[in-house]
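Both of the next two complexes hold chain A, though its partner changes from chain B to chain C.
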Partner chain A sequence: MPVLIAHTISEATEILAENPDATILNGGTDLMVEVNFNHRHPSSVLLLRNVPQLREWSIDSSQQTITIGAGVPYAAMETGAIAAAVPALAQAARTVGSPQIRAAGTMGGNLGTCSPAGDTLPVLSALEATIHLSSQDGERTVPFGEFMVGPKKNSRLQHEIITAVTLPVTGNRQGYSKVGVRNAMVISVASACFAIVDDTPRLAMGSVGPTILRAVKAEKFLAEATKDLDNISDEIAREFGEIASTEARPIDDHRSTAQYRAHAIKVLASRLAVRGTAS
Partner chain B sequence: MSTNEFYSLKVNGVDHHVSDAWIGESLLYVLRERLGLPGSKGACEQGECGSCTVFIDGAAVCSCLVMAASAVESEIATVEGLNADGTLTDVQEAFVTEGAVQCGFCTPGLVMAVHHLLDENDSPSELEVKEALSGNICRCTGYGRIFAAVDKVVAVRRGALS
Partner chain C sequence: MSSVKTKRDVLGTSSLRPDGGAKVKGDFAFTSDLHAENMLWGATLRSPHPHARIVSIDTTAAWKIAGVECIVTADDVPGQLTYGLISSDQPVFAKDVVRYMGEPIAAVAADHPETCRRALAAITVVYEVLPVLFDPELAIGDDFEPIHPDGNLIRQQRIVHGDTSVVGDVIVEGHYVIGMQDQAFLGTESALALPDADGQGVEVFVATQWLHEDQKQMAACLNLPTERVRLVLGGVGGAFGAREDISLQVHTALLALRTSRPVKMQYGREESFFGHVHRHPATVWMRHHATNEGKIVKIEARFVFDGGAYASTSAAVLINGVTHTQGPYKCPVAVVDGYAVRTNNPPCGAMRGFGVVQACFAHEGQMDKLAAAVGTDPVSIRLMNAMETGDLLITGQPVESVAPVARLIRETNEIPLPPDLAIDANELDLPGGSGITAERKHIRRGIGWGVSIKNIMYSEGFDDYSTARCTLSDGKVVLKFATSEVGQGFVTLAPQIARSVLGVTDAVCDTIDTQIGSAGSTSASRQTWMSGGAVDGACRLVRERLFELVGAQQNIEPIRFAIEDDEIVDTAGTFRMSVIEASQGITISETFEHHHRKTEELDENGQGNCHVAFAFVAHRAVVDVDPELGLVKVVQIATAQDVGQVLNPLSVLGQIEGGIAQGLGLAVMEEIIVQEGRVRNPSFTDYLLPTALDAPVVVARMIEEYEPQAPLGAKGVGEPPCISVTPAIVAAIRDAIGKDIDRCPVRPQDICL
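Moving on to the complex of A and B:
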């Protein structure tokens, strides 16, 4: 019952091909909670934390994209060049758990777990990120919208590892907000990412449906309501939030009620439409 | 590729051998129950309370969320290793003089978090201190005396530097 430690991506995919039942571990902030509470009993573990390539990131200025390795911890996204390129991602990363969690947890883990409450996922949805997967068969990419297929379900195949995420550097306004019971150490009750990409508004909503939901009607409304997306009136913002709220599909659970979540999404969407940081 | 049914952990610069361990044991459990290093405390076991904070390769993380057998290639530092000679660090000293300790259970984790904060930022704002310590829960002090202890260390270090 070993921990199998990979040092390169090809070593990781080789280990996974030979041990298809291995549980994939990076930061451990999700997996170890389940293990500590006896909800999961891994028989073997593939550790990705010691693969330096997964902790790299790079900006492609000709394509205007940033590619972030799946093992880059949230803490590295909060400030510096990643935060400047994708401010909404920095804002989302900063809301994850606590500094200790952010020093360990990774976007690869957020994608691997694929919880509807995953903090970075609305950003990946709004910015239409591309997920990079690797296996012994080669590499493939999947748009985020096709990656997350249900609550804690994604289209990663058992023999694949998530290696990186590519996001556009939009050069335009974007922002992320979430509602929880307090500022730190909180799993979102509702979250949203607003971004303007290619002069088109986008809104993705977290914790209010089985997957991250795009508010397509609200996006269409906003695109038609104004040509000046940098100066959205309070009235238009309010209606944008109201439409987004009708597109949410929240449920009652131990963290909140459907009614409150729908209200929270309305407020988050309205506020984000008039706020945000240029990337 | 390496496997590790029996493994070694480097803690505070010393190699410790671990044998017959279950794969799922947390680093917190192994430190306390197998290696005789009970300074890191266990409370929530889910990364919420920060009382188990240790440094792994320089990052302050919750040892309850680290699979011990996955840390074989890392440098682990615990509260026991802050001052090798067993004397108090300036942070620990300030916690004592400012009365930042009541029941003491959260203290080792807070001491580690404060050391990590001040190593990265020698003059943090009030908000930066609060954010840096937001992962460490204290039910006794109300935090006021903990923040006072941080301010004291900042002032003493600044004085020592000038």
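Moving on to the complex of A and C:
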């Protein structure tokens, strides 16, 4: 099995154009597990780990955005400037696996796999991130809501690589929570990201549907229920959670039950709505 | 009067593991690291169905794959077609029918693991799927066709003790459910088999708990004389009961004999979940009768242990369960019915605590119910009923062991409680941990208790002796035994014994293999007592011979000699000589077999002195709970454990902390999810073990009351730590949320929905 090693983004897209069946590898924390389980037998692999551009990130202060390369590992998001700019992303990154996994796994991988339990994805959904894709045909951007189209399905074309993600730096309240049956290193049973963007509340929910779900009714309720999003009453927060819970579409599986997942969303949403406020 | 001149790792010191450095550095060779020249790899084809008739097996296509050297099925087993620890009811390979998901059907040997994988995929098995017996209650009566020629009921035992017409002033009742826990050792099953040049024998390096039992079962299946199946202990990465049964032993040896080449087999993590027995899931009903003050006057109980498809040790697990119904409490009257049944669920057998874990979860739940019913607290109710030496068990057996139950409870109670959760507590320390699901204000704290009694050594008339040889030469001791070192630390303890008894410094362990008599299994908290007794006995015999030799040289009656530090001294004179000097140029070698006292089988009313000895422990758990989300953080476990004598404090603490982690796992997260016979979570992604963030602070007191029956005064310490910590944690969760919970592991939905 050939492993094709790219050193620049253009080299990577060139290789991919010539080898459209190549499986893309970066941190390997998803792919190698699948290979080990014999769930996947790649015919060839395109390695992106040696592309320095993918590991870069930058803040555009005029646009108030941050662009994070697809090869930036979770560990780099947990603390420092990225964490300061997007605190919810740092919180989500901290919940991924073990320190070893966080040192290897990348944002691009989370997007490439596109699991409904992908830990950073609710943050990208709530903040309405833009995904950057690159191919021999050029570059294009896709809003996260159009990127994730199903469980482990995304709108990346076969000859494209994910290069980066752009997120707003809101300076406003945002937070992320994830429920698992263990206090660390656990796959999400339910997760949620709450953020205030452009003075409107946003709530994205993970592991409770085929894709990351936006709780649009709950968002609308909250926007109408209060003008001061930093001063939400417990009652409104509770109702916000209850509405969000009705928007979840969870299933029963070996990790949990639909009933518990919907309940957890209710609790997480109402807590996140007031987290970091004086209440 | 003596002053210790040399610092030697004798009994009572925290002597370090001889293999510790290598393990920490990654240099230790586990069985899976072994390699032989010209070696083939073996792999196993397993049933995807929990219950099905095998219509046909076609290996033609697999044989055609380049690199495939051998394929074996049930038709190729030269000897006995089945094996088993208690009854030989489990096929080496399924022949006509498969009875659990993952049951072996064929094995292949090939030049590479990937070739093996392809070969397995190329074998065509046609199945006729059969109805699945997954409800243990249906296995008790005649409601379901027998799924095995031996029937669906593996064993039934009744206990009737005392005047059963007694009725208590106060009656409390509970139904308890214990989930299926996995031993989850880190070193998966592995073996390397090397065929003898004449093809009439085989040497097998294997990670096991009991070399001689494996040898016996393998020889029968391979149709070889026992001495032509030589076993050597490969490096073992944990056991906890899961290596007591045969897994890949016969398969590996058979492939090696067939191919005349070395063959190695090694399970991956997923296969390991199907490759060994698990802890029995059980349902337990108990009804306690007590006086108005809370003194127990009668216990009624019913146990159902789901043994899965094959018997393994289910019969013994059942006896352990029912005979420990009362827990470490006085109980004059009992009526207990116990069933171990066969189903199409995964086979269950030995795991740390062996049936007592299930009993303890129920009797401790009952003690808290009783405390509430009579208006007292968990500590008082346990002290009021605490068992003492001399008390009768519900089997009629007197407890002759040291039984410091009340002291264990008091000493545990004296351990300071942890500080309250700080207002600005680190979010990682809250329930939910790194998921940041709660704030300080959402958390409630609870405290719970668990106390247990555990039999140590084998029961019901079984003579599980141990053998050891001590050879002294030029001041150096070599110890030979077949005691499986599975991480418990016998390779540390054995040289400590030799140093104490013989005054030597240089004491090492020889290869652990079948070239000496059996040591019995590394299980039932028995090796310190049994193999410790054997090593101690062998060393004492050598010391006698040494004293005779020196006595003859010096014209001193040998009876006057004693070992003082590293010298032989004349206790009635002035003669002294170092052991090193005294043993120059001579070799003394002695073998000793240690047997424990005889035990009896139970009669039809469950009466009889069936156990050898008992160990006790108390646990107090402090937990923080998020009642709304149902998440738990175990904050502190306080424990006082009855250890007899501490022979190696560091080793004992390791057992206590490790056992508590394993008991915590059963309390709040570890469960093999089985739906209609199918395992849903055979991976460490979904079978959750506690991480560092889940592990509590452990504050342990080792209670030393010398056990006169034990060769070294020491009781086994392996199992007790994991037994009563589970009910203690669950009781603490109940205390925090004010809601009854009757199952473990406790799932978030059990708390909040």
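Miscellaneous remarks
Operating definition for what follows: the second predicted complex is superposed on the first by the 275 of 279 C-alpha atoms of A that agree within 3 Å, B and C clash if a C-alpha of one lies under 4 Å from a C-alpha of the other, contacts with A are read in each partner's own complex, and residues count from 1 in each chain.
One rule holds for everything that comes next: a residue touches a chain if its C-beta (ideal position, glycine included) is under 8 Å from a C-beta of that chain, and two chains touch if they have at least 3 such contacts.
Computed from a predicted structure; not experimentally measured.
Applying the stated contact rule after C-alpha superposition, one finds that A:29 touches chain B and leaves chain C untouched.
Touch criterion met: A:37 reaches chain B and chain C at once. When both complexes are overlaid on chain A, the residue A:6 reaches chain B alone and has no touch with chain C. Using the contact criterion defined above for the overlaid structures, shared-chain residue A:104 touches chain B, although it does not reach chain C. In the superposed model, A:183 lies in contact with both chain B and chain C. By the touch criterion stated above, A:256 is placed in contact with chain C alone, chain B being left untouched. Touched by chain B in one complex and by chain C in the other are residues 36-37, 183-185 of chain A.
Partner chain A is touched in their complex by these residues of chain B: 1-5, 7, 22-24, 26, 45-48, 50, 53, 59-62, 64-67, 69-70, 72-73, 113, 131-132, 134-136. Of all the residues in chain A, the ones that touch chain B in their complex are 1-7, 11, 14-15, 25, 27-29, 31-33, 35-37, 40-45, 47, 49-50, 73, 75, 97-101, 103-104, 183-185. Chain A meets chain C in the complex at residues 36-38, 91, 94-95, 175-187, 189, 191, 253-257, 259-260, 263-264, 267-268, 271, 275.
Only residues 117, 268, 270, 428, 431-439, 442, 628-631, 633, 668-669, 673, 675, 680-681, 685-686, 688, 690-694, 747-749, 752-753 of chain C touch chain A when the two sit together in their complex.
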